[in-house]
């Protein structure tokens, strides 16, 4: 199995790339989890946006009352959008960073801090924790991505 | 031409990677199509959000009535956001999956099912089809991405 | 340092890939800047969406008046979402394009035009410039991504 993998590409045998693949998959899965959380709140709060989604709950006028916004649904949706805004740059810049030849220990530090910060950000958003909890966890993740971008530009700069 | 490509990188000569590149490009183009569909509904329904966008349709008060929401525009926008939430994880995890050395036939199965499911999801959203049409097409695409993530973590796991 | 990089991967020594890494990092950083611009408008306009974010500005009823929308905040948020919708396809398709073996000069032309168009788009959105300024800058970036997608599919096509 390993032999086949090495044949198809050597990237996955590179330790920094394996670390990147692990953490990128974890934060993308965490982002995907937001879809399930939003769906859970939509179903338990009966708060939908598409008329065809309310048909299981009643006909005609009876169903229309479920076309409404709910604070918990909106909160989960904001957390999801914030993930898109922050995890997309991490995945894109992180890939370039992993290919720019950093030390494994430095790369792991970046990936682990970002992943921890984004998990805390989601908890801070959903519980919700008092500020500056959410703000700080956002800023930590943002700074990690900036640090990786600096390293990418230093290694790759070709305008 | 082929020779040059091989010189610059061997990835594009890897069949699994070529399959990934093909399907990733197709689903990203499908996502980009949502911009055109939204613009089409904005122009035909005359429903805009930026004051500067309404100036072609009248001056002052006459233009203000076009600053409004329209159900078709909002539906296309929700479809677009759902694409971002689902196609971004597919493109990110799919790249790592393609580099983790899967069998070509297994990889093609993943890529084809995801692509078909997302095209069905867009149709189900825009027509719209009665539920659970949209829900099922969403769940199929989501499951394909989970399956690829499982394979990535199995091959790359390095915490 | 270079030696280490070459050992871990040769991609970063490929000029087209280095150009891609540079411009992908720049447009992702530009997208991240939208978070700071939104936060700046939220703080200066005192317009928040999460109750816990207003606690620094007063207690109880006094804080509730800051739970409101503001045109500048909404404008920055729309610019950010438009970046997600357009920069994500660029980063994804651009990576595949960079690996498909284009001429360096052609690749640089694509990356530079896209990057310039998206910077203009942000300026056109935030100032705001009269239309068709924003529309044209959007269309130029969109066309560059389509051109790269065409080249990817031509090189990689494997359905």
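Letters A, B and C name the chains as they come in the text, with residue numbers starting at 1 for each one.
The rule is short, and it goes like this: a contact is a pair of C-beta atoms (placed from the backbone, for glycine too) under 8 Å apart; a residue touches a chain by one contact, two chains touch by 3 or more.
What you see is a predicted model, and the numbers here were worked out from it, not measured in a lab.
Peer 1: Is the contact between copies chain A and chain C built from the same residues on both sides or from different ones, judged by whether over half of the numbers are shared?
Peer 2: Looking at both copies, the contact residues mostly diverge.
Peer 1: Suppose a student superposes the Cα atoms of chain B on chain C; what rotation angle should they report, nearest 5 degrees?
Peer 2: 120
Peer 1: Express in whole angstrom the distance between the two chain centres, defined as the mean CA positions of chain A and chain C.
Peer 2: Chain A and chain C have C-alpha centres separated by 17 Å.
Peer 1: In chain A, which residues are in touch with two or more of the other chains?
Peer 2: 11, 17, 84, 88, 95
Peer 1: Which part of chain C faces chain B closely enough to touch in the complex?
Peer 2: 11, 14, 16-17, 75, 78, 84-86, 88-89, 92-93, 95-96, 99-101, 128-131, 134, 142, 145-146, 149, 152-153, 155-159
Peer 1: Where on chain B is chain C touching in the complex?
Peer 2: Touching chain C: residues 1, 4-9, 11-12, 15, 17-19, 21-22, 24-26, 28-29, 31-32, 34-35, 49-50, 52-53, 55-56, 80, 84, 88, 91, 95, 112 of chain B.
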